[in-house]
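Given below, in the form of structure tokens, are the structures.
One chain, subunit A, links the two complexes that follow: it is found with subunit B in the first and with subunit C in the second.
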Partner chain A sequence: MKEIIKPVNEQEAIEMLHRYNEDLLPQKFGMAGKLWVTILCLVIAIGLYNYFWQLKLGLTVTGLSDTVSWGIYISNFVFFVAVSLVGSLITAILNLLNVSWRAPITRISEIIAVSGIMFAGLIIIVDMGRPDRILNMFLHGRIQSPIVWDVIVVMTYMTISLLFLIFPLLPGIAFCRDRMTNIPKWQHKMYKILSFGWTNKKAQYEIVVKAIKILSVLIIPVALSIHTVTSWLFATTYRPGWDSTNFGAYFVAGAFMVGAAAVIAGMFIIRKFYNRYDEYITDKHFDRMGRMLVLLSFVYLYFTVNEYFIPGYKMKGDEGEHLKELFVGHYAPMFWMVQIFGMIIPILVLLFPKGRKPVPIFIMAVFVIIGAWFKRYLIVIPTMLHPFLPLQQIPEASKHYSATFAEWSITGASLAGALLVITLFIRYFPIISIWELAEERGVPHDTIYEHLNEKE
Partner chain B sequence: MTTFFKYLKSKRSLQLMLALGLFFFLSPRAYADKPAAAEKTSPTIKLSYKIHNGVKTVKVAVSYKEEKKFIPVGNIIVNLYLGEVKKFDKVSNDGWMGNLVTDDEGECVFMFPDNFNTLKANVHSFNFIASIGSDPKYEDTQEEITVNDMFIKLAFAKDSLTTVNAKLCKMQDSGMVPVPETEMKLLVKRAFGALPFGEDNLTTDADGLVSGVLPADLPGNANKSITIMARYEDQENDGIVEVSQDIPWNILPRENKLSQRTLWSSGHNAPVILVVVTVSLIILIWGTISYLVILLLRIRKQR
Partner chain C sequence: MSQKSEDLEKKDDSASGRRKFLKLGILTAGLTIAGGGLQKVLSDEKDPEPKESGTKIKVMTPDGKLVEVDSTHIKEHDHCGASRDESRQGIPGKKYVMVIDLSRCKNALKCQKSCQKHHFLPEQDKWLKVYKMQDNEEASPYWMPKPCLHCDKPPCVKVCPVDATFKRSDGLVLIDNERCIGCRFCMAACPYSTRTFNWDEPKQPDNRACNEYSPETSNPRKKGTVEKCDFCPDMLKLGKLPHCVTACPNGVYYFGDANEDSVCNGDETVRFRQLLKDKAGYRYMEALGTEPSVYYLPASNRLFPFKDAEPEGEEKHS
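Showing the complex of A and B:
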């Protein structure tokens, strides 16, 4: 593990800043990066093409019916909302607790949060049969409806997450504007506009620090409410599996877990493909994030036991039928795979220091992320197929749900879109905040203001 | 692998063809409901008639069967003939009556002109033919329906509006003849349909009469009236003969619970506490966001 060396005098601090400046500029993609972007674009194009047909033919191209009116679009929406919660966890909570190793990973978590919440909003529109009528929701929406609460809170969280990304990024954008000379005109113009006239003045830093403090406090209740309100979309609907007072806390715990896993996966990939980033995203960060993930997994395990054990002990009526489907019925393989690979194995591996090394923790993080997606599938679909009222006199097709290719391709496109936003951000903006990193490693503020943008 | 990608990168047209090929292959068109263009589909025409307050209409529904489902045929021309398929005969007033185009549900309704009853005063049973012909996608098809000249008269007991009498009659050469031993329904119109009243399985007596008593506590509408209907369903010929009439009614509608402030009311009647809490939170949070935006703009001023 590389030790963080703190500068002993101003000269060393300036040299440290210069080194950061050289190392942490956005880097051009190699062959692998270009291939990755091409694949993402292709997946998005296929999804957009199918969405065009969905708009033209209606939701008939999906497997949705009167019985299962919420399918994989909604489970995907819940997944995106969950992932987006990470912005508040890493940036705000660690910032307020003044955790000393947070700087290299805060921006990774912020961009994951922004892209997650962006696509959560988009996928909801995709789920609408008539998206052209979305304005009616604002004109005629009922404030009593949890769907209206969710729309309000998604928009609020998206705005706050964007501000949380932009404020600490301003010195970084200005840094790119001033230091990256051999770039296309549009890129330079973009940096010029987005830097908001940043000139490294002390007064500007003071505004940024003040804004970050306010945002750190503001984002936590909003982030908690976004996932709680999303859980209420289900919990306020009287159906087996959703009729639970545990749902808010259960969703928040699950969101923290998958969000932390997403950051770990992001850290690993950035470190792997960007030169010299292993000096900044060190094994120590993986170890710390691993500890955090295992703690969050235990919390989630606790809520999962609460969620299933008590109703499972009673097995009453329709609730029992629903649980039987999950435990030993049609959905049992998926249910147990999600519990074992998405929670139990990661906990067991991450409990040990060797399990928190970059490669094993990355694999566990991927397990958690995949498990989390299918967990949302299990929350939405089996319950939709088990309403309290019996399924009578309906077409046979409405008694089952199977997502069509159009649904999978559009869902895949949304996931690819979120990854593309993160990828392009990494390509064009510094993914590690240089000034925050310098501050964390003991470089005095005045030195940062004076020398941040200097060339060696 | 690298060589392949380099080759692919250099061939723009190949990239485009690959992308188009993939799009076509993955198109949901493959599972969209559409009959094949080359061979004609055999459609089904379903006819039903309705005589409401003496106004005659014939409803045409066109569909085709695919995988045990009936798919409506929209935007198709249907010709309607009286008696037989021929041009309109001005002497006998038979033949082509007009044509209609089906809507997205594959349906269209033919309404008979006002002078129809005058022109066919001596005819009391009509044979209508709906025909589809020379359509590029669908085979030629025709279907018939017989409409009997029937009507219902509504009457009320002298002492009370709550006792409703309905008389079912049909026209014959000898004049108006009551229809005995026939099942009828007495209905009162409500917001989302018609509510039957009177005894179950009401059957006309020798004078073609049925009678029923309206529930005395039935709420009327805000105009202090209700709409009474009598209906005969001609199941043999797939038709409906009905009559409706508004009558004064003193019982006002029950107070609408939706006008109270509840969780299940309209948006305008949300509980005050909910509105206050929600709006306060929105103002508090978006007020802070606005302040942060001002801070962001202030950064530009500090340069």
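Showing the complex of A and C:
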């Protein structure tokens, strides 16, 4: 692995640019990549087949009932919103703080954000009893409903995230358009359309840099509000376990943590399967992201303690019964697994420099991601099983909840879909922003504008 | 050559003729519509009087007068509820309330059977439930019937994103099942487990009196939407009591109008506020601030000793 060396003169700077150009073009997938895409497509196909039946027969294909009327579709939605928050964290916050190692990982975080928020929007439609009436949201929308707030902030976030992805990507697409010659015609045409006539002019760069600055500021409050408002879908009800003023901060903290873990996983996989990327995504990046993940985990731990310890201290009526179910009851194994593997062990491992090497940190990131998914399961389902009135005079099936195969396959398809969007993006677009990387490593602006697009 | 040009001219002619005809047509149509509108305005928007047949029929007015009217004026009463828009208006001047006397309930479930029958509900969907309650280990158990509480500050209405569930001026909380998008936020928001959902296509009989949907009858039931106890507005409109009230053999349910200060359980009509005062009426989970329209009278001095039914679910202290 080479050390980052700053260029001393113009000639060296140009050579550096040329090397980036060679290394950072999208690369063709090998067997592993093709197999991965095939598996994802298969999972999506099974999910689509089951969704077709759900549309035909109704939500009766799910394990939902009048008691547990929100299930894994909703917890999966919360998970997607959580993961998508990371785009703002890495790109905007690090950008505003002028952190010097951010360039190689900003685009990874942005594509995770865009695909996460897209599938959050899709999976919430899957949960609707009457998706055919979705236009009613706009025809008869009522502003006092937290769902309407959520639709507004999610759509705003999706728009800003897309712009945030596309603006710095324009030079990259233009680069693919001009430099990748032996590619199919459609691919070339796609680059041509998506580069929006980019010609590497100084004036164009200036506009992009300015736009990124503005978006960096704009996206932070919107990103915080998507997950805060999502938490309010629960916190605005009276139910034990949801009736909490801690929920907004608790959700946002958890979202930052799982998002950082998702970026680490993405970094690891890209570095493993793309040649020469270890020169750009270095051990130092893993170390820094590891530190960040520990910090975010501590913040989440703090809110988790607030969320469970204080009501647990009082054990107030229905709330107490709900907590008993989590701490020592039916959901205790899942609850403690999530706390230990999804938070405690990652904190302990990542506290040490050896734990922040690529392989252990990748394993910890996967723990955090899986833990985060089940954490959201635990937020939604046990509360639904504990209404104020006793579970009487209802069918036996309404007293429990277990997701059906149809539900799992549709949920799985949404996760596979998000991964497929990220995968295809990596396959066809430069996943590291070349001009931002060059800028970060000290290549003067004028050299970038002049020489970015040329061959060695 | 000349023949050809003549032909062309003819074609041209006929084309312009067609255009002229079209123009004329549009003009005529426009005039007809305008004229029709004008006529309607001039005639003060009244339909023309139908010709009287001469046959007179005796009918009784709601205030008990016997009057004679021409047979052409008589339209068969529509059993369907009001249209979706009309259903949003409450019955003027009314504020419906219910008082449930827990000391009289012995879990006969006649109320529930009647409700299921009149709303064409299957076994698993119960709009009216009778819970076995026990406030603490020392207290004796009792039966608690629970319809929709028709709160004055309904959490379900607050969270509905599309105004599908709404509060009327007469106190009723109803659902427009043709607008509901099936997000089930109202089910999560309701603290009383009142709402049920049509998970699949509801099976319903064809021999209903009315096949046209109305929020006032909550029928025909719609797949993928939420439903609940509606206080039978179709009955209220006719000046009758809801089905559960009339079906109860023990006079548990009092129903009436808070503005008139009177409630009736089918046997006796009493002063609403006096009843609450005399028997220490309360509302379930008052602390939530939802202000239910349903009041309970405590299960003291019971008419029947508590006899346990087969356990319907785990017991829970409320």
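Just so it is clear, the second predicted complex is superposed on the first by the 454 of 456 C-alpha atoms of A that agree within 3 Å, B and C clash if a C-alpha of one lies under 4 Å from a C-alpha of the other, contacts with A are read in each partner's own complex, and residues count from 1 in each chain.
Following the convention adopted for this analysis, contacts are C-beta pairs under 8 Å (C-beta built on N, C-alpha and C of every residue); 3 or more make two chains touch, one makes a residue touch a chain.
This structure is a prediction, so every number in the text was calculated from the model and none was measured.
With the two structures aligned on subunit A, subunit B clashes with subunit C.
When the shared chain is aligned, subunit B comes close enough to touch A:Ile46, but subunit C does not. Of the two partner chains placed by the overlay, only subunit C lies in contact with A:Gly58; subunit B stays clear of it.
Of the two partner chains placed by the overlay, only subunit C lies in contact with A:Met384; subunit B stays clear of it. Applying the stated contact rule after C-alpha superposition, one finds that A:Ser69 touches subunit C and leaves subunit B untouched. By the touch criterion defined above, A:Arg142 reaches both subunit B and subunit C.
In the superposition on chain A, A:Phe167 makes contact with subunit B only, not with subunit C.
Of the two partner chains placed around the shared chain by superposition, subunit C is the only one that A:Arg130 touches, whereas subunit B remains out of contact. Within the superposed three-chain model, A:Thr404 lies in touch with subunit B and out of touch with subunit C [touch as defined at top]. Clashing C-alpha atoms with subunit C appear in a single stretch of subunit B, chosen from 8-16, 62-70, 116-124 or 188-196: 188-196. According to the touch criterion, the shared surface of subunit A, contacted by subunit B in one complex and subunit C in the other, consists of residues 57, 60, 140-142, 144. In the complex of the two chains, the subunit B residues touching subunit A come out as 2, 5, 19, 22-23, 26-29, 31-33, 263-267, 270-271, 274-275, 278, 282, 285-286, 288-289, 291-293, 295-300, 302-303.
Listing the residues of subunit A that touch subunit C in their complex gives 57-60, 62, 64-67, 69-70, 127-131, 133-134, 136-137, 139-142, 144-148, 151, 233-234, 236-239, 384, 387-395, 398-399.
Taken in their complex, subunit C has these residues touching subunit A: 124-126, 129-133, 146, 155, 158-164, 179-185, 187-189, 191-193, 195-201, 223-226, 285, 288, 312-316, 318.
The part of subunit A that touches subunit B in the complex is made up of residues 31, 35, 42, 45-46, 49-50, 53-54, 57, 60-61, 140-144, 149, 152, 156, 159-160, 163, 166-167, 170, 196-199, 201, 203-204, 207-208, 210-211, 214-215, 218, 222, 404-406, 409.
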